[in-house]
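A, B, C and D label the chains in the order they appear, each numbered from 1.
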Amino acid sequence: MIDVALFGAGRIGRIHAGNLARQTGVALKYVVDVNAAAASELSEKYGAKVASAEQVFGDGAIKAVLIGSSTDTHADLIQRAAAAGKAIFCEKPVDLSLSRARECAAAVARVRVTCMIGFQRRFDPTFAAVKQRLDAGEIGEPEMLVVTSRDPGAPPLDYVKVSGGIFKDMLIHDFDIFRWILGDEAASLYATASCLTDPAIAKAGDADSTAVTIRTKKGRLAQINTSRRAAYGYDQRFEILGSKGMLQADNHRPTEVVAATAASVSRDKPEPFFLERYAKAYADEMAHFFEALAKGSAVRTTIEDGVKALELAEAATTSWRENRIVEL
Amino acid sequence: MIDVALFGAGRIGRIHAGNLARQTGVALKYVVDVNAAAASELSEKYGAKVASAEQVFGDGAIKAVLIGSSTDTHADLIQRAAAAGKAIFCEKPVDLSLSRARECAAAVARVRVTCMIGFQRRFDPTFAAVKQRLDAGEIGEPEMLVVTSRDPGAPPLDYVKVSGGIFKDMLIHDFDIFRWILGDEAASLYATASCLTDPAIAKAGDADSTAVTIRTKKGRLAQINTSRRAAYGYDQRFEILGSKGMLQADNHRPTEVVAATAASVSRDKPEPFFLERYAKAYADEMAHFFEALAKGSAVRTTIEDGVKALELAEAATTSWRENRIVEL
Amino acid sequence: MIDVALFGAGRIGRIHAGNLARQTGVALKYVVDVNAAAASELSEKYGAKVASAEQVFGDGAIKAVLIGSSTDTHADLIQRAAAAGKAIFCEKPVDLSLSRARECAAAVARVRVTCMIGFQRRFDPTFAAVKQRLDAGEIGEPEMLVVTSRDPGAPPLDYVKVSGGIFKDMLIHDFDIFRWILGDEAASLYATASCLTDPAIAKAGDADSTAVTIRTKKGRLAQINTSRRAAYGYDQRFEILGSKGMLQADNHRPTEVVAATAASVSRDKPEPFFLERYAKAYADEMAHFFEALAKGSAVRTTIEDGVKALELAEAATTSWRENRIVEL
Amino acid sequence: MIDVALFGAGRIGRIHAGNLARQTGVALKYVVDVNAAAASELSEKYGAKVASAEQVFGDGAIKAVLIGSSTDTHADLIQRAAAAGKAIFCEKPVDLSLSRARECAAAVARVRVTCMIGFQRRFDPTFAAVKQRLDAGEIGEPEMLVVTSRDPGAPPLDYVKVSGGIFKDMLIHDFDIFRWILGDEAASLYATASCLTDPAIAKAGDADSTAVTIRTKKGRLAQINTSRRAAYGYDQRFEILGSKGMLQADNHRPTEVVAATAASVSRDKPEPFFLERYAKAYADEMAHFFEALAKGSAVRTTIEDGVKALELAEAATTSWRENRIVEL
């Protein structure tokens, strides 16, 4: 039995707790959250106890920690968990500071604990199938990647202000998709952005619409377009052009109803947001984490992946703010 | 140069005149219509003359006649054209009377003139591709056919009254599709029907919604569902299940626009009606007719096909009216 | 806490056990199966005990039984459970004998226990959405229903022989869909069938391909086409034409990958079979059953629904065997 | 009757001649081509005469010229036609030299002759419908545009060498789409490119894969991705995200066949190349040109549009070659 502590009893923490409960040989022992009520409710639901970080790191029986608390706590918790020799699953980003994130990666590397970053999209059935078929050679050599990533609506302004900006907060997932799908690294990056949905976002120093172009070391091209607003739901698509064809990852829909009326022939909008779209991905990444622990095998999304994606997010922020192409 | 006479300057006559104008080596010489204004307008447009049937059949230079006049004129014109040794293209049905249609077929057979019935659907790019791929063995042996055939709206009541009923007027096309696609003949047929869109149709002794089942001599099964009303346009689909898969003929759309809004993700409705949906089919059947004349080759939709489809339409009418299974 | 006994530790029994484990306030206490190993394995997995039917019915703490054992055991178990005052969830069909099924319904009615029949398709997200939107008036009055229901492959011949025939075994679900979607009852029914996939099925007195037409009391028309074989997977579609449009329930796919190659533009096949396609439906029907027990509310798929669907299956069998239209 | 001269009897010249033949009140009088055989064949087919440029410009009866000859002849012919007071329809680009193109525009402006540039995509039914629906406000204010434009295969190397490079030869259409759809002008542009399909293209100093980002004066963002090779056909799509939704222009297919087999569920590839995909667009732009002449109204794609698209193509070439963001 692997005893686990969960940091963060919010939206994502509850998802992880639910998925953790479905793993065999795994038990949620502690829930840690500054919101005592949330910690209490979640721990009761799964038969765990409310605890402090000190208790978690002081309990040798705890083999793994899940970090789903706010971004500003990630680095500290990773370092303490690494120091305590505990396996780590941490939500993205590792930290808003690239140097701090690199310190975390170094700390993890020193003690060689398992550390998985929650790039759950890699576990989405559609995305994973594209990757698998691409690797199997179905479309030959990859050449161009186009990623479309749009949220249904902007987060609260208070969150925007501490988010690290759209590139670190939102596109970090898309940068990871880029690296994972193409299996290649960025050589240069150009990003531009606008504030088109809400002037308050611009006032907070951030943007809500971005266009990023990456040229890889192998000369492949990638374009990412994002928006904080899509009236039709959560738009999560990408397509990869190869020498022998194209693979597209299309959106998921709640149902397969087709309605033909005097107006049009219509289908459902995409799933509303990430909790629905990536429900299976969240379950599968959790299963993967504990399977890796059980088998002693490597995890698929490492802290190095987290650092690399952050590097791209930082480069994009610089490119946008300084209006220049960034060489990597 | 093949000189041609056209009977009927109405909607379908105009379509044929336009397509005929695009054939090389073919000239429209005469237009015949009881509506003098229509005949005059159409003949002027294409440099032809208004004529009477007598003039047409008395002019040895006329090598072919296109019959697009009202149904009650078809049989007489076919017989006179056959007697005059002219090649014939005639709209469906040959006649509302099966015995009269058989007499026409016999007359044509005696003099061995080319006689093509306007089952234009066989020339539709999608339908033709399904047939070609089925014959190429893509889905193995055919087993079941499902035909969906729905008009956007009922014809005027005056037309309904002289139409011969929904089975002879509307489903005759679907019966031809059935024979053509399966390459098999009906052994038994069951038809039921209802009047669901307009009570006046029932009052006129007809139905507007039908469900037909045919069992073929080889034991294959076919189902046809039709309606005189589809709020979303002209619905023309069929699917054929085979031992190794299924081929479907889907509707055509005016454009490939996709609109994603807060309401749904929608595409265009199907083409509004037969003139739009079968525009290319009408052009291709006309090209086929004149190519057959030029080459002396057989036409793909013969008067025998016209008689066979009518036999099924009559059987369906009987099945419905007498509430019994008809053996063929 | 509601204590439950499960009859049947086979494929469907395991599905129910898994879904039952996710209900709050419900505990699996007993597993009953003639296959001792299966019963033992399943009971261990969920912390239950292997038991006999006698133990189940003799234990007053058992409030509900789930019947997922072989068809020939259903009626007896329903009657014993009803006599013992236990709530019942039973897989279709109630029994292969219509009179026996009616006795069961009468037994249930007498003691007024909750009895739900496992017509899980009503709980499928796509099917349920069609029904909800139809009832909301989105396409006006329903007129025609076309149901396509095809298995990926025939069951083992030993099963075919005791299955009661394709109409009772396979189409019973489609008959339930017909009644549920149209909210109307059959006035007359015509069924024909063939054996096209495997002569051994014909030798066993059964068919593998069917075409059914139903005319309802309100004059609506329905057609059902089924096959025991679809090379492309489990084909579960229906469409309902109404006065203002059409609603279609399309197949579900494992992923939303689109592959464009020199050959074609392709998507995934439908889900392979019922366990995958109806995974959510099985979960939702189980939640519905226990919610109904908790609230004392009515279940959505009653034993009367089971009897009505069986009546249609029997009428279809008669229609096919006697080659006649059956009035209901 | 408007007498017309056609320059260029090649692939596109033949398309225009065929569409011109379908206009009423228009006659093709002359065909000019350095390839005497091609000129002769085409002029015979449509009852025209082979002529020299001198004859064309010296014949006062000629009211309009269609310029479909090689790119290096465009500017000279436009200027001579303008000088002769003839209406002009010219294929893109006006010229490979921006200054020369501007001179042409000035020449046209001075004499105020009608001059239409063949940006046929604006006349494509799908593209035109997107524009019309966007302008009607269906998705609110436009924010982001993503254009995917891929040829099935690279042109011959000899053509590549004189093409002016991929941005002027291929993306000029996409730059026109950008301006037309967004109704906005570029403020800055970044382009990168690679040679991924054939090293000979790189050797010729050109690229075959490009990624362009444009920021408009209103802060809107556009991304264009192109390739000279798409194994699955001619890929011509774009999508526009607006404040209230998204409009997508999807590819056109030859037929609407769906094939479901043990491998997948597949549809036709997109139309193979521009002659098929834009067949209707070519017909409609020709009709528009002659309608404008007949009515004395403005044409929709002016020589100014041709110059503006060329400016963007030049900026993109510069951005790529000098690896810098170009401000416009």
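As a working rule, a residue touches a chain if its C-beta (ideal position, glycine included) is under 8 Å from a C-beta of that chain, and two chains touch if they have at least 3 such contacts.
From a predicted model like this one, the values you see are computed outputs, not experimental measurements.
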- In terms of CA centroid distance, which chain is the most far removed from chain C? D
- Contact-pair count is greater, between A-D and A-B, for A-D
- Note on the structure: chain A and chain D have mean C-alpha positions lying a whole-number Å distance apart equal to 42
- Query: Using the average of all C-alpha atoms in each chain as its centre, how far is it in Å between chain A and chain B?
  - Reply: 58
- Please set out, as single numbers or ranges, the residues of chain C touching at least two other chains. 139, 230-232, 235, 244-246, 259-262
- Message: Quick check on the complex: what are the chain C residues that touch chain B?
- Response: 139-141, 143-144, 146, 148, 150, 188, 190, 192-197, 209-211, 213, 215, 219-223, 225, 227, 229-232, 235, 241-246, 323-325
- Residue set of chain C touching chain A in the complex reads 125-126, 129-130, 133, 138-139, 244-252, 254-262
- Touch list for chain A against partner chain B, complex: 230-233, 235, 259-270
